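One structure follows; several queries about it will come next.
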């Protein structure tokens, strides 16, 4: 008798939409890649807001949590995009660790009809982020805090 | 009798210096991470120029080479930086493949005395880049071309 | 007997919406002002698209028109904005000249209910822009062309 | 008998140098104009530092002065610039008012020989800025404070 393992629940996915502008493109007429990280950072924040987590300027006051700075990022660029394109960033949390988590992004080009096809993958990115508090007695020093259980529950 | 293997020659390293500005920092008062990729992209271009490779707008005319777009990037963030810091980006080519290469960056904070210490590593990044030409009949399509031998010789 | 002067027709207004992100803000926690110009430039392009003008990469092919570069800009900053705010950029063409035009922007904060009040004016800006073609025999040189009558008709 | 009016002393000028990078340019292959404001903002801060004013994160602690936010800016774009160019931003304070001041910028292209000619003016900009403190009881509200006499003396 075989047992089918209980499949892990699919992680929550939040979609953030971005219009590519003229000024986002470089002399090769394609998106200048640092802009993808700008959009991904916004997608990260919107993910938490959509999941019901208060904005960081509130959590800084209520619990000292100033945000989720990046520890490590790994991105793969698959196709180019240019101005006029609308991109969808599909964001989820792929893994929860003790003091960090992996936030995953799939950036897809929206077709003219409003849908997206797998073939239109533009880039994908896995980030390791932490939940951070200020290090006492410093201006800019930060330290990782344990994953807040309530935030993990909201985002899974 | 043992033979010491001939050590691989150290790759050529070019240093690109960046001053961190107020506007490069976010409400957490530290460098907003997409700016590191902005600086790294500039360091990549300066690396080739310092090695004697003509600017891409010239190579586009002479040999159809429009630049070195990014295929894959993996960055690790070690320490924060803030405005007032001067950063040194140490750039080299860690590996040459058939149609791509690995460009490596180590971003260090310059100490007050103008030196840098290993302890001051801010972030490091390995990028896979290609040498690109335009795909005929398209506006923004690009394709990888084989590593130009003369450029490889200049940069090793 | 008095004559009421015929009022000038109100110019066409197009609204472009922008969400302020964490990375758009500086260590003073407010929008770092160059980002307003980034958004205004996008609003300028969307204005023309909404009015029915084809994108510049099409007009470059069909009529040599590469875009509407800026000649002069005058901006007044009234209130600060920060991340979490949604801004509406109200764009119109305030004046048509022979070889240039004045594009006007009023950036307002959207209230929680989706409306905007005059009291929520964040900044306003008047730009002088031209319709540009490439200068022959140069890479980056541009020259002003006369206002295209069809585009003027679409945008008034 | 005629009196020659005492000529006003020339204001102090500080030069800030900027290399134009590939990613600073747009699909028209010229500097995307919001980047000029990015550089001008850095030139503004360097002006004060070069004049001997402490960085704003220090003045925030010692006297509540958080920086010099922009109230009004007026820029004129004269020539285009592109990557490979080195720009000099010549910064001075053109006028001191009660609670604001006019900071003036002239952005010139450095010629190959390291000099700049008046003919190489790229853009110029007059900004009205204030010295700002935080408005009590707010996160992002700011208010103008009177021009600090010591800073005025250092910068004139």
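Just so it is clear, A, B, C and D label the chains in written order, and each chain counts residues from 1 on its own.
Simple rule for what comes next: a contact is a pair of C-beta atoms (placed from the backbone, for glycine too) under 8 Å apart; a residue touches a chain by one contact, two chains touch by 3 or more.
It should be emphasised that the depicted structure is a prediction, and the values quoted were computed from it without experimental measurement.
The chains touching subunit B as well as subunit D are A, C. Centroid distances from subunit C, each centroid being the mean of CA atoms, peak for B. Where subunit A touches subunit B, the two copies mostly use the same residue numbers: shared numbers make up over half of all numbers in play. For this pair, subunit A with subunit D, the centres built from the Cα atoms lie 36 Å apart. Separating the centre of subunit C from that of subunit D, both taken as means of CA atoms, is a distance of 24 Å.
Averaged C-alpha coordinates put the centre of subunit A at 30 Å from the centre of subunit C. Residues of subunit C found to touch two or more other chains are 22-23, 27, 29, 32, 34, 38, 41, 57, 67, 83, 139. The residues of subunit B lying in touch with subunit D in their complex are 19, 21-23, 29, 38, 41-42, 45, 55-57, 67, 83-84.
Subunit B meets subunit C in the complex at residues 22-23, 25-27, 29, 32, 34, 57, 83, 139.
Residues 27-30, 32-35, 37-38, 41, 57, 66-67, 69-77, 80, 82, 132, 139-142 of subunit C are the ones touching subunit D in the complex.
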